[in-house]
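In the two complexes that follow, chain A is the common piece, with chain B as its partner first and chain C second.
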Partner chain A sequence: MSNVFKYLQGDRLIWLVVFLLIGFSMLGIYSSTSTLAFRLQGGNTEYYVMKQFFYVAIGFGLMFVTHLVDYRYYSRIAQILWIASIPLLIYTMFFGTELNDANRWITIPLVGLTFQTSDLAKLALIMYLARQLSLKQDNISDFKEAFLPILLPTLLTAILIAPENLSTALIIVFTGVFVMFVGRVSLKHIALLAGSGILILSLFLTLLFVMPESALKGRTLTWKHRVESFSNPTGNADEEYQVLQSKIAIAKGGIVNLNAGGSDQKNFLPHPYSDFIYSIIIEEYGLLGGGVIVLLYLFFLYRCVRIVLKAPKAFGAFLAAGLGIALVIQAMINMAVVVNLVPVTGVTLPLVSMGGSSAIFTSIAFGIILSVSRNVELQSGEENLEMA
Partner chain B sequence: MKDLFKNRRLFFQIAFVLIALAFVLRLFYVQVVDTKYVSLARNNAIKALDVYPTRGFVYDRNGELIVYNEAIYDLMVIPRQAKNVDSVKLCELLGIPLERYTERWEELKDKKKNRGYSTYKAQTFWKQVSQKDYSRLQEFLYLFPGFYGQVRTIRHYPHRVAATILGDVGEVDDKTIDASEGYYKPGDYVGKSGIEKVYEKELGGRRGKRLVFVDVHNREQGSFGDGEFDTLAISGSNVETTLNIALQEYGEALMRNKKGSIVAIEPSTGEILALVSSPGYDPNLLCGAVRGENFKKLTKDTLLPLYSRPTLATYPPGSTFKTLVALIALQEGVQDENYGYVCSGMYFFAGLALKCSHHHPPIANVIQGLQQSCNPYFWQTFRNTIENPNYKKIQDIYGKWVEYCNSFGLGVKTGIDLPSEVRGNIPSVKYFNKLYGEKGWRSSTIISLGIGQGEILVTPLQMANLYAAVANKGYWFTPHIVKKITNPVTGKNELKPFEKHITKIAPEKFTYVNEGLFSVVEAGTARSARIEGITMCGKTGTAQNPHGDDHSMFAGYAPKDNPKIAIAVIVENGGFGSTYAAPIASLMVEKYLNDTIQTKRLPIEKRIMEANLLRKYGIVDTASASNTFFAKD
Partner chain C sequence: MNKKQEIVVRVRIGFLAICLVGAAILARAFYIQSYQGNYYLSLADSLTISKIKLPAERGNIYANDGRLLATTLPIFDLGFDIKASLRNDKLFRAHVDSLALLFSNKFKDKSAAEYKKELWRLHRSKKSYVVLRKGIPYDLQNEMQHWPLLRNGQNKSGFVFDKHKKRLKPFGWLAERTIGYYKENSKEKVGVGLEKKFDTILTGIPGNTLAQKISGGLRIPLESPENVRPQPGKDVHTSIDIDFQDVAEDALNRALLHHGAEHGCVVLMECKTGKIRVIANLGLTKDSIYKEIKNYALAEAEAPGSTFKIATVAALLEDGYANNQTKVDLGNGTAIFYGLPVRDHDVPKTQIIDLKRAIEISSNVAIAELADKFYNTAQGKQKLFQHLESFGFTQPIDIEIEGAAKPILRNYKKWQATSVPFLAHGYEMQVTPLHILSFYNAIANNGIMVKPSLIEKITAYNQTVDSFTTVVLNKKLLSAKTIVELRQMLEGVVENGTATNLKTDYLRVAGKTGTAKIAQGKEGYKKAVYQASFCGYFPAENPLYSMIVVINSPSQNGYYGNKVAGTIFKEVADKVYSKSLQMQKPVQQLIAQKEVPIIKKGNSDEIKNIYAAWGKKIQTSDQEWTQVSRNQTVLQPTDFNVKESVMPEVVGMGLRDVLYLLENMGLKVNIVGQGMVKSQSIKAGEPIVKGTQVVIELS
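What follows is the complex of A and B.
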């Protein structure tokens, strides 16, 4: 063990969380892609799990590299990445690959790999926020000097993502508010932002329901249906079907269960390996298995808070806090969809859901957090040395 | 960094712990508190499929199989597999125009008409392909990917007779579905008429259930629990009828090209030996794919082949009713069997002058009265009955007279096991009170009842039943078609014994009437019904018909002592009873009792079989009309 951690530096417990989540992910994916494998891959049941394993390996490599980089370099990288993400988002909006009426994907030229630009933009924005927060820390209570330079990039990214992926945009704004909160932005300003946010959202919802359906373009109709079927479960059959089948899966799991690969619901749930993988995990491993996943994310958050408390520099603290919060919020929202606490969105369960793009960017986020933690440990090591 | 974060740390941690708690509570709720999803989980993967039982067979009284099931095929298709279908060849084999192929696909895909449409699920592309057509189609099935035949059964009637009795089987209607409390589903087949309908419960059997695993596309994946929870379909019970199918066939042959009925009953049991409704039709016309088209044709036909004349058509009984008029008079004691009457050819009464139908010697007793079918004799007899001084009012005696008639099953339903039957009409006291006022009627007002005319109406079944009761000297059993239903599981008879009805006439009163009915055939108006070696009793009738020629009637029984068969025959617009009805009855009786027709009587048989009355019914092209209702081989 100690041998392994000679190479894997930083918080060992975060590494453990990563391994456990990937473990669950592999089990869930192997089980839930079996039907798909029989349908599309002629019964080669290992096809999808191997493909995912390949992505995880790449992700792990990236995690390894990023965690070795001194986190202070990320400040500048954040700036470049964020600026670069803006034209990419605009490009995606117009030329992205369409899936369910949403242009979320672009293909990297030459390599032929597709990825979701919002994943990149989200990562870039949170890193950039950490940078801005740390730079403006001296006059953080000033509206013009501090609040606007922090808020505007958030809104810009969110607005560019919103038409294609409203839920991710909302998660970004939500995460941004959390990061600002951690970053000591004046509570007055945060309240102002929250207030206007609620106002805009309710205005938007009103518009959605007042306007005739024929006038609703693109994704707006899907949003309306999702909200409708959540608040009044008789509307859109497809959305309800997903939620219903998901709940059936949960009900079948029972409190304690060990039935790896034995899910029936994977045959009924559309895309059981991505957005709804959590329900398959509950079906196969019971409430206990589902609870372990929730605890893993909470524990991860707890470890992030520990890093924040120990981080010697504001940027490191904000970086760890922002990325940690973003990942955990995303996880919570995904699980909230599965148990039907919120309307159906399109977010994945970090490190668990199948999908290359999400696996890679999530891995990078983890790598950066680990980089901060590695630095914290080095610092405290040095302090300890000094003490001694 | 601690100071930077401290004040907001608590809020932050509480928020996330609360969110996590919300999940766990929610999960607990879905799993443990709300049981809905557990039961839904069961529905999701397991589906109950119906297993259809085979319909029970029907036998005649001699054990001859008269209704059985024949295999046909529904051509099924799984839409997503139906690619590169040689539609031209398929249409050619099905014998349908090519446009129908595309039309049929559109019908299938129309979610309004076909709610269960799924590209994964088998759809019925073409219903009821005959075994012959299917065997040809089967050879080329490889040209039509996704298509396959599913065997079903339809009824087959090898004797091609007794259509209105046996009935038919068709798709269940909405009313029956609603009334069945969920047993029937659209598309199920049930008996629609005849005994197929009356004994639907017994013939239809009980559906079974087969539990199978299905996948998300509703495709079968295998049986659930190795069939441990399946229920077997219980086949329909076999039904033994009272019919003598040979006699039935013979009767239908005799009645060909004539409208009317023959009803033959075994007096000692009430069993129906034959029940001919003419014109009939081949019951196979209403089976399988041709059903809809043929049904339309039969409904439109002016001769009403679907109309079950023996139980639904009513006629004034005419002279055949005189038997009962005489019996009531004897029972009431208003005259004895030796009551005589001199017929002058005219009957003068209450200012009326009524004619006798023919000249004959004076009547010395009831035997001669029946033998000569003398109208004045029965007017007088009826008058004697109604003017009985023992009764104060006409209402009292006439009311009693009606009860006598009712006790023979006239004016009431006989209770036969067929879906529809009418009561006929014996006018009630109330009816006459209303028509003439309470003091406005007397024997002369209703005198025509004495010879079976006026308001009296009877069905052929009631007429045969009346003579069965006379043959039995005072009782009759509820006439019935089905005598035994063998439960396939218990092997026991499911039918209750049939009710015995005692008439209001004492048995000894029948003696002279029997003699009279015997002499009618031996030497009276029904000599054309006489059969050497058989003591046949009966009475002709000629019912006046305001719409055309009189109806020819005969009702009787044989042999005189220990009667084996009671029979009523009506040939619409056939004229005198002795012209058609009496010979037809005699041929039926001879056929039933002797199984063969005497050589010297064959010319009679030939004359009857060739008699064609269709012109009288307004059919011009009589040659083709006679073949309309029978399927060609």
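What follows is the complex of A and C.
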């Protein structure tokens, strides 16, 4: 083990969390893709696990490379990446590849890989926010000098994602505001933002329900249906099909269970290997297994908080905090959907859900956090904590 | 508080908040498990496992040679789930154009643009589900399920194929009404014909199975001791001969069209067994075409007219009141009975004729006079009634299908003075065509009256479970003497009476024409509406089949029984004759009559065998090929030498031998026409090179 950690630097416990999550991911995917494998791959049940393993391997490679890079370089990279993400998002909106009826994907030329641009944009934005926050620390309470330069990139990215993926856009805004809160942005400004956000959202919802269905374009109708089905939780067959099936999976799991591959609900849930993998995990490993997943994410966030405490520079602290918060918030939202605390959104469970794009960008995020932690460990002996 | 501390405080607050969310998630999961657990668990089973009914395969209906008259096939309706389509708006937008084009190309009833407009209208409409197209056969569904949108399935595109079963009659309208139909819905059960009558036998017993629903709307059956396998319905084998039926139905349709008639029917019955081989019923529909809409043969009672005279004569003969030679006085062709006139069609050429001749020319006056003379007393009426009763004219025909009409023949106590002379020639009463046929069949069957029957047997898994053997209703309906005399009269009708148009030199038919003036609803007899009929049997000397043809209300091109109905009778009788070996003279007799023909030149052994079958021995050498010629009356075989690489004389050979011979020699044979070889492109005796083409003309 210690040999391994000669190469894997940074917080060993974070590495451990990564390995455990990937382990759960493989178990869940192997089980839940069986129906899909029989339908599309002629019964080759390893097909999807091997495919995911390939992505995880790439992700791991990227994680390894990114964690060896000095995190200070990420400040400049963040700026470039975020600026580059803007035209990419616009391109996706118009020329993206259609998957599950939304233009969320673009295909990388030559390689032929498809990836979700919002994954990239989100990563770039959080990194860029960390940069902006660290740069504006001195006059952070100034609306014009600090708040606007921090807020506007967030809104821009969100607005470009919103038409095709409203829930991700909302999550990005929420995550951004959360990071701003940690970054000492004035509470007054945040309250102002939250107030106007709620106002806009309620205005939008009103519009959605006042306008006739025939006038609704694109995905607006899907949004309406999702909100409708969540706001009418009558507790009977009226509930949306996948939520119902998810609850049945949770109910079947019980408190303690060990039934790897024995899920029944994977046959009924529409995407048991991605958005609803958490319900399959609960069904097969009980509430205890589900609890382990929650705790792994919280523990990971706790390690990120520790990095913040130790980080010598504000940028490193915000980078670790921002990316950690973003990943864990995404995880929490995914799990909240599964237990029907929030409406169905379609976000994945980081490192656990099947999917190449998500696996790769999540790995990069982890790599960057580990890079900060590696630097913190290197300097911890040498320097005292000093804020920029 | 310095910046660092503030950040630490805020990060901790954030971490705590997220921890609370995590706790909320687990609490919620725990709540679902513990407080709602039983509910969701019970829901799981009820949603996924259910008992489904397995309908039994409906039995088939067969013709007497085993061909299918009615069977069940899967058929599909294309439905459109609009809610699902809306959920996948992008998909619909992307493929609606190509789908509209495919629809248009396949169905050719609307342009692609119209289909597109229609699909868009439905996609935007408030409806939740519509059926786009009904009755898609299995083959087409197989093709269509690969079309865009259609291949995505109900959950994705909203397009869905709804499979159900359809009853199909492979022979279309042939005996359609008799085969019938049966429908059952929540409100009522309706049906006619064999499908209705034998429904309980055809239906079988449905079974059931436990099935689990899985994603994609599929159900997989589960093993369970409670499962009951369905028992398929039994098969009904009818007596109908589909080839005869085809000829009859076609002839009837042409005759109805030709005469602009209202409706008509043809029934062919096997004399000995009473098995009905043909039952064709066509009536004029609103669309001015004829269809099997009513079982006229069974369900329509009408005044039979002249065909009924045979029943009166049979009574007279049985009671000894008359015989073939009994003289009758036709007067001037009109006789008045108690104030009502009975007229003959023509003024008689001879005033006094015998009864046989009176039947041949179908004299109304003669029959009315004789009946009036012997039966118009209280006792006589009773006697005549009893005869008619025994002939079956007072009861509905007893047959396997429903709908037999009750004949109208008043009890003799209610008869008036005019009743007897009018009854005698087929008025003041109504019977169905099957009544008349049944009676004539008894005459053809030497006085044995059998029950008409449409069914041969019922089978299950190809094993007979119920056979319908012939039921004799009356072993001796008429005396042998009466039969002989009646047959002479009926033969006379065709020999030199009203139906000479049915006379042929190969098949002797016996029967009686009928041209009845029939009442037309409220208008009574005011309007001249006729019913032309012909009932008889064949071959006259040894009857195998009896048949009746009835044409109702012919409006053009004549209305007489012999022309209108007789023509159909002859056409069907000819077809039956051509297919029935029993009726035809043995080959030996033909050989005795005719010269042995010359056979095409060909293989020696084959030619020898053929002549041997004709009783001629011919001597051939051991050459492979022989040619036979006739020298006066003697058959002269000559060898026909075939040398390698030399073109033989093949004119006069059959194609099979030519191909064998020439292709073995390495020639490429090109054939034109059919029949015997007429000419060859390479002259006989010329040397040939392998691979050369030779043109063989046949004629």
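Rule of thumb we're sticking to: the second predicted complex is superposed on the first by the 373 of 388 C-alpha atoms of A that agree within 3 Å, B and C clash if a C-alpha of one lies under 4 Å from a C-alpha of the other, contacts with A are read in each partner's own complex, and residues count from 1 in each chain.
Everything that follows uses one rule, which is that a residue touches a chain if its C-beta (ideal position, glycine included) is under 8 Å from a C-beta of that chain, and two chains touch if they have at least 3 such contacts.
These numbers come from a predicted model, not from an experiment.
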| item | value |
| --- | --- |
| Superposed partners chain B and chain C on chain A - clash or fit | clash |
| Partner chain(s) touched by A:150 [first = chain B, second = chain C, both, neither] | neither |
| Which of chain B and chain C A:56 touches, first, second, both or neither | neither |
| Touched partner set for A:326, first chain B, second chain C, both or neither | neither |
| Touched partner set for A:225, first chain B, second chain C, both or neither | second |
| More chain A residues in contact [chain B versus chain C] | C |
| Which superposed partner A:27 touches (first chain B, second chain C, both, neither) | neither |
| Which of chain B and chain C A:312 touches, first, second, both or neither | first |
| Region of chain C that runs into chain B when the structures are aligned on their shared chain, from 97-105, 151-159 or 223-231 | 223-231 |
| Contact residues of chain A, present in both the chain B and the chain C interface | 35, 178, 181-182, 184, 244, 247-248, 250-255, 264-265, 267-268, 282, 287, 290-291, 294-295, 297-298, 301-302, 305, 308-309, 314, 317, 328, 332, 335-336, 339-341 |
| Chain C contact footprint on chain A (complex, rising order) | 35, 39, 98, 101-102, 137, 178, 181-184, 213-214, 218, 221-222, 225, 235, 237, 244, 247-248, 250-255, 264-265, 267-270, 282, 287, 290-291, 294-295, 297-298, 301-302, 305, 308-309, 314, 317, 321, 325, 328-329, 332, 335-336, 339-341, 385, 387 |
| Chain A to chain B touching residues, read off their complex | 35, 178, 181-182, 184, 244-245, 247-248, 250-255, 264-265, 267-268, 282, 287, 290-291, 294-295, 297-298, 301-302, 305, 308-314, 317, 328, 332, 335-336, 339-341 |
| Residue ranges of chain C touching chain A (in the complex, touch as defined) | 2-4, 6-8, 10-15, 18-19, 21-22, 24-26, 28-30, 32-33, 36-37, 39-41, 43-44, 47-48, 86-91, 94, 124, 213-216 |
| Parts of chain B lying in touch with chain A, wherever the complex brings them together | 1-2, 4-5, 8-9, 12-13, 16-17, 19-20, 22-24, 26-28, 30-32, 34, 36-38, 40-41, 44-45, 215-216 |
